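What follows are several structures.
Two complexes come next, and they have one chain in common, subunit A, joined by subunit B in the first and subunit C in the second.
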Partner chain A sequence: MTLYRKELGRVLKSLIFLLAAAGIVLFAYTQGVFPPHSTITKPEPGASYGTKASGDPALIMPEAAESLFVQYSVNQYTTYPNGFLKYVKLNQADRAKMDEIIAELSVDALSEDTRETDDTPATDNGSLQINGDSLQQNGDGSFQIITPDGETPIDFQFNTAITWERFSDLMAQADDLLGGGSDFSETWMSHRFGQIPVTYEEALADYELTVSHDKMTGAHARLFSDYMGIILGLLPVFPAVFLCLSDRKNIASMLYTRRISSARFILARFLALVTAVMLPVLIMCAVLTGIHVADYGLGNIDILAYFKYAFFWMLPTAMASTAVGLFFTTLTNTPVAIAVQLLWWFVDTLGGNGVYSFLGVRKLQVIPRHNALGKTQAYLDYLPDLIQNRIEITLITVLLVAFTVFVFSAKRRGLLHVSVFKRSKVQSAV
Partner chain B sequence: MSLYLSVVKYNLRFNLLPHIAAALGLMLLTPVLFGITALDAMTVAYPLELSLPFLGVILLTPVYTPEQDPGLSDTVRVRKTPHLLICGIRIIIAVVFMFMFIFGFVLLMSALESEVSIAHALASYANAVFLGGLGILASAISGHAVIGYMVPVLYFVMDLMGSLGSFTMFTMMRNGTMDGKWVLFIIGLCCIAASVWSRDIITKRK
Partner chain C sequence: MSESNIQIRNLSKSYGKKQALRNLNLDIASGMFGLLGRNGAGKTTLMKTIATLLKKQEGDITVCGVPVEKASEIRKIIGYLPQDFNMYGSMTVSQALDYLGVLSGMSKVKRHDRISILLKQVNLIEHSGKKVRSLSGGMKQRLGIAQALLHDPEVLIVDEPTAGLDPEERVRFRNLLCEVAENKTVILSTHIVGDVEATCEEIAILDDGRLLFGGTVSGLCNMAEGSVYTAEVTQNELPKIRAAYTITATLSQGKSSTVRFLSPDSRPAIGKPVTPGAEDAYILCLSKAGKGGNLHDAV
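Moving on, here comes the complex of A and B:
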């Protein structure tokens, strides 16, 4: 406990902690969650309440097919193979395979007659080459390819006779051709296509659930957690790296010879770092609870909601980021942990080509998202996944801390010398 | 002249090498994450504004790191060669490497049929100088490279998740324009100059 207090004092008095704390509060302010820019109000009839995925094949199939056709027409496909936007151009062989998929999806666009006639526009190995200017949307939602020299345009009309199973199979083939991560993969298709408006009754039901289940502050706390996760998934790595590198400069040799066990030392440091980065968050939680008491009244809110979300939602994120900082800095004696965490943050935050970027959680996602005030039913739906995710992230953290203990212990005993990291050691140039 | 060449040689060998390796690592990772083939004029902005500006943070921020060790800074101060001259040469090397890397990357994108121009390269370079400038200034004032890394990363995140108005780095991605790039470039240069000045003051005060 003494060691924990000493480490905590060291962190709290450091310049980097003050900057990180200021960064966390400033981020919350710029994102409009501290103080909250919006309040929960009962929906009024006749307003717009957003959209939701219908999951209806009759709506999904034509939209997805048309989207594929548009991208096929210009041979430029939007994919997210690593979570980041990537445009794919197919080669001749793959285009020929895509021709067959498009032909099966359409009523007559690429019928055998059209594709095999010599005077069809710009054919090459059975594929159509069409630039963006040659594509036009018709009033009925179908697409038309305008061919040069006034020849007959080619229409794309979705083949409604196709079954959902066959359609899914064709789209999976298309996704494979594109290298995965496209809108046409099974995971994303139902999220991207077939969206329908949320009705007044549904919006009202969600409001009532927010009042009864969340007691207002729960919904606010989720939105707060959504934004705080973004910053807590990255900033805590800096104090961790800073503290470990400060040891290297000043007291590493003294630390190594102390009688304290490596596990106790690393654990005390880890807990001190996590406490420090959570401190500004907890203070903001207290202030926000006070603001909501004034807004909604003490009897109408869950006074502990912000703190529940701080521990359940935000703490694992902050712990993971801190653990990455501790582990990689102890291992390499370099700030490489910053690059590692930044990469993880990038893939996590900007990754994903659909709803998970704003709502929900995917496997091993360090920063869960809930970019909405309300949507309580959606939260309750993904809650089991979220619990599993938070446990997984905590386990990763525990593993990283255990590895840090092992590495630190090995270094104390003079067993771990990685020469490649010594190159970065400070040396006078002249 | 031989002194300057010697400074360049030793800096490349002992100080800059790991950072150049990190910069190359970033450049290898960028096509994997974003893809750089056959992008149109709007989508080339993703790798150029989201990824390449970190070259500035990687190469410029650690310029003062070697002498931030208390023992070494005492030694450096008593040397005949002015410390700021050494730092100036390091900054020039970093800036030149940034230029070569970004323009080389843009040339590669162009060869891969992406719609990039010199303006795109200059815009990405302006962002890199800006982020690197923030990093080197924070590092010089605080005396810690880690703080130097944190400040530009924090700026990047806040700008990406919201928007910092006239000082946003992401005009190409958001509007398809180069608005404000010159402002960022000049701020970046001012930050670099301010870092040298503050380093001079801090060194003399000790």
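Moving on, here comes the complex of A and C:
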């Protein structure tokens, strides 16, 4: 406990921590969650309540097919493999395969004109220029290619006779041709297409659930956790790296020859780092709770909601990025952990294997998302996955800390020399 | 032998193809023990191995009867001052000692008491609130010795402590080491013969990982008896003397110079025998090992 207090004092006094803490608070401020920019109000009839995924094949299929046709027409497809935006242009062989998919999706067989379209991108007015032709949407939702020389327009009319199973199979083939990560993948198709408006009754039901289950602050805390997760998935690595790097310059041997066990030393350091990065978060939680008491009244809110979310949702994220910093810096004596965490953060925030969702959690995702104020039912739906995810991330953290103890122990006995950027200086010990 | 001693038997250690220690046997009793040798002779490897910072490959080491494999036990009974000692610059002298005291498992009361005693002993009491980064080289080394003594270890391992200190600080530091060695075993590793001569009774000389000499300073000097000469030569004769003998000292006096040189095998044509000093004997020892080279670098 004494060592924990001393390590905490060292972290809190360090410039890098102060910068990280300022970054955390500034991020919360710029994202409109500290102080909160909006309050939860009862929906009024006749207003707009946003959209939701219908999951209805009758809506999904024509929208998805038309989207594929538009991209096919210019041979430029937007995909997000591993979370990163990528424009795909198909080669001749793959275009031929895509021709067959489009042909099967369309009522009429494709004309040669459509198949040989150029790679010209979309124009600003929303129509597409293809070899001087224009792609326009008709009133019935079908698409038409208009040629300037007055030739017959080429229409795309979705073949409604196609079954959902066959359609899904064709979309999967299209996604494979595009290298994955497209809107047509099984994971994302039902999210991207077939959106329908949220009704007043649904909005009212969500509001009532927010009031009864979340007691207002729960919903606010979730949105706060959503943004804090993004920043806590990255910034804690910096104090961890700098604290461990401060052991260089001949200080390490002073620590190695002390009586303390490696486990106690690493654990005290880890807990101190996590406490430090959570401190600004907890202070903001306290302030936000005070703000909500003023907004909704003490009796209408869950006064501990922010703190529950801080420990359940945000803490595992902060622990994971701290553990990455601790482990890789102890192992290599270099700041390589920052690059590792940055990579994890990018892949995590940009979606991993598909287009990113702002609501929910994937397996081993360090930063769960809930970018909405309310949507309590959606939260309750993915809550089991979230619990599993938080346990998994905590277990990864425990493993990383255990590995750090092992590495520290081996280094203090001279059993491990890892050199990343320069050759080992073992010889200099002679 | 007293309880507070170190036994080293058939110790070998290598880094890849480089053999750092070769079948080393050594007994270190209570008091000051000097470990002499060139840079790269294996001194630091030996010190680090005793301090559990390096794993031995062959042989045995026991510290106060505890095998060095029991690292956690060894750490309780040793204090270590590494070469180029440093500590977190943002900490004050007191904070640094308190932090290291916590790592040594000391209670708050014991830390408080020991820090007061040691700061007085190393003459840093007036600088206890000073940041480590603002200490002079000598003050930092005194802080180093204080941290090594903090948990009152039975064995103190001090690696090249006087390098970079001015003469006054060096003498003060040597005296401090002698003071603390009264009831402890202090191993002083250095390539500065003067430090060992002034402080240690027992010494060992290492060269290329081998033990060249183990015994008392006077014993080392006795070995050089009849091998050290002094002669007054002109500047023109000096190159010939340099070529023929190992010179341990040269004092220029205008057109002539007084040279002190080694001639272990035969009486030289010039000069007269003198009583050997530790430095003469040390260089003779290295010279006999066939590693003469530029011996002046070793002194």
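A few comments on the model shown:
Everything that follows uses one rule, which is that the second predicted complex is superposed on the first by the 383 of 430 C-alpha atoms of A that agree within 3 Å, B and C clash if a C-alpha of one lies under 4 Å from a C-alpha of the other, contacts with A are read in each partner's own complex, and residues count from 1 in each chain.
Keep in mind that, in the parts below, contacts are C-beta pairs under 8 Å (C-beta built on N, C-alpha and C of every residue); 3 or more make two chains touch, one makes a residue touch a chain.
As the structure is a prediction and not an experimental result, all values here were calculated from the model.
Superposition model on subunit A: subunit B and subunit C are shown accommodated side by side without a clash. Once the two complexes are laid over each other on the shared chain, residue contacts for A:V107 go to neither subunit B nor subunit C. In the superposition on chain A, A:L383 makes contact with neither subunit B nor subunit C. Of the two partners subunit B and subunit C, it is B that touches the larger number of subunit A residues.
Legend: residue contacts after superposition of the two complexes on their common chain; A:L399 is shown touching neither subunit B nor subunit C.
When the two structures are aligned on the shared chain, A:V88 is found in touch with subunit B, with no touch to subunit C.
Once chain A of one complex is fitted onto chain A of the other, the partner contacts of A:Q31 are limited to subunit B, with no touch recorded for subunit C.
When both complexes are overlaid on chain A, the residue A:I16 reaches subunit B alone and has no touch with subunit C.
When the two complexes are overlaid on their common chain A, residue A:I391 makes contact with neither subunit B nor subunit C. Put simply, the three-chain overlay gives an angle of 50° at subunit A, taking C-alpha centres for subunit B and subunit C and rounding to the nearest 10.
By the touch criterion defined above, A:G414 lies against subunit C but remains apart from subunit B after alignment on the C-alpha atoms of chain A.
Superposition on chain A places subunit B within reach of subunit C only down to 8 Å, the least C-alpha distance between them. On subunit A, the patch touched by subunit B and the patch touched by subunit C overlap at residues 249, 426-427, 429-430. On the subunit B side of its complex with subunit A, the touching residues are 3, 6-7, 10-11, 14-15, 17-18, 22, 25, 29, 32-35, 37-40, 43, 46, 50, 54, 65-66, 69-70, 72, 75-76, 79, 81, 86, 142, 144-147, 149-151, 153-154, 157-158, 161-162. Contact residues on subunit A toward subunit B in their complex (touch as defined above): 15-16, 19-20, 23, 26-27, 30-31, 76, 82, 84-89, 227, 230-231, 234-235, 238, 241-242, 245, 249, 334-336, 338-339, 342-343, 346-347, 350, 423-424, 426-430.
Across the interface of their complex, subunit C is touched by residues 2-3, 6, 10, 13-14, 246, 249-251, 253-261, 265, 412-415, 426-427, 429-430 of subunit A.
Against subunit A, in their complex, subunit C makes its touches with residues 15, 18, 20, 40-42, 44-45, 48, 51-55, 71-72, 75-76, 78-80, 82-88, 90, 98-100, 102-105, 108, 147, 151.
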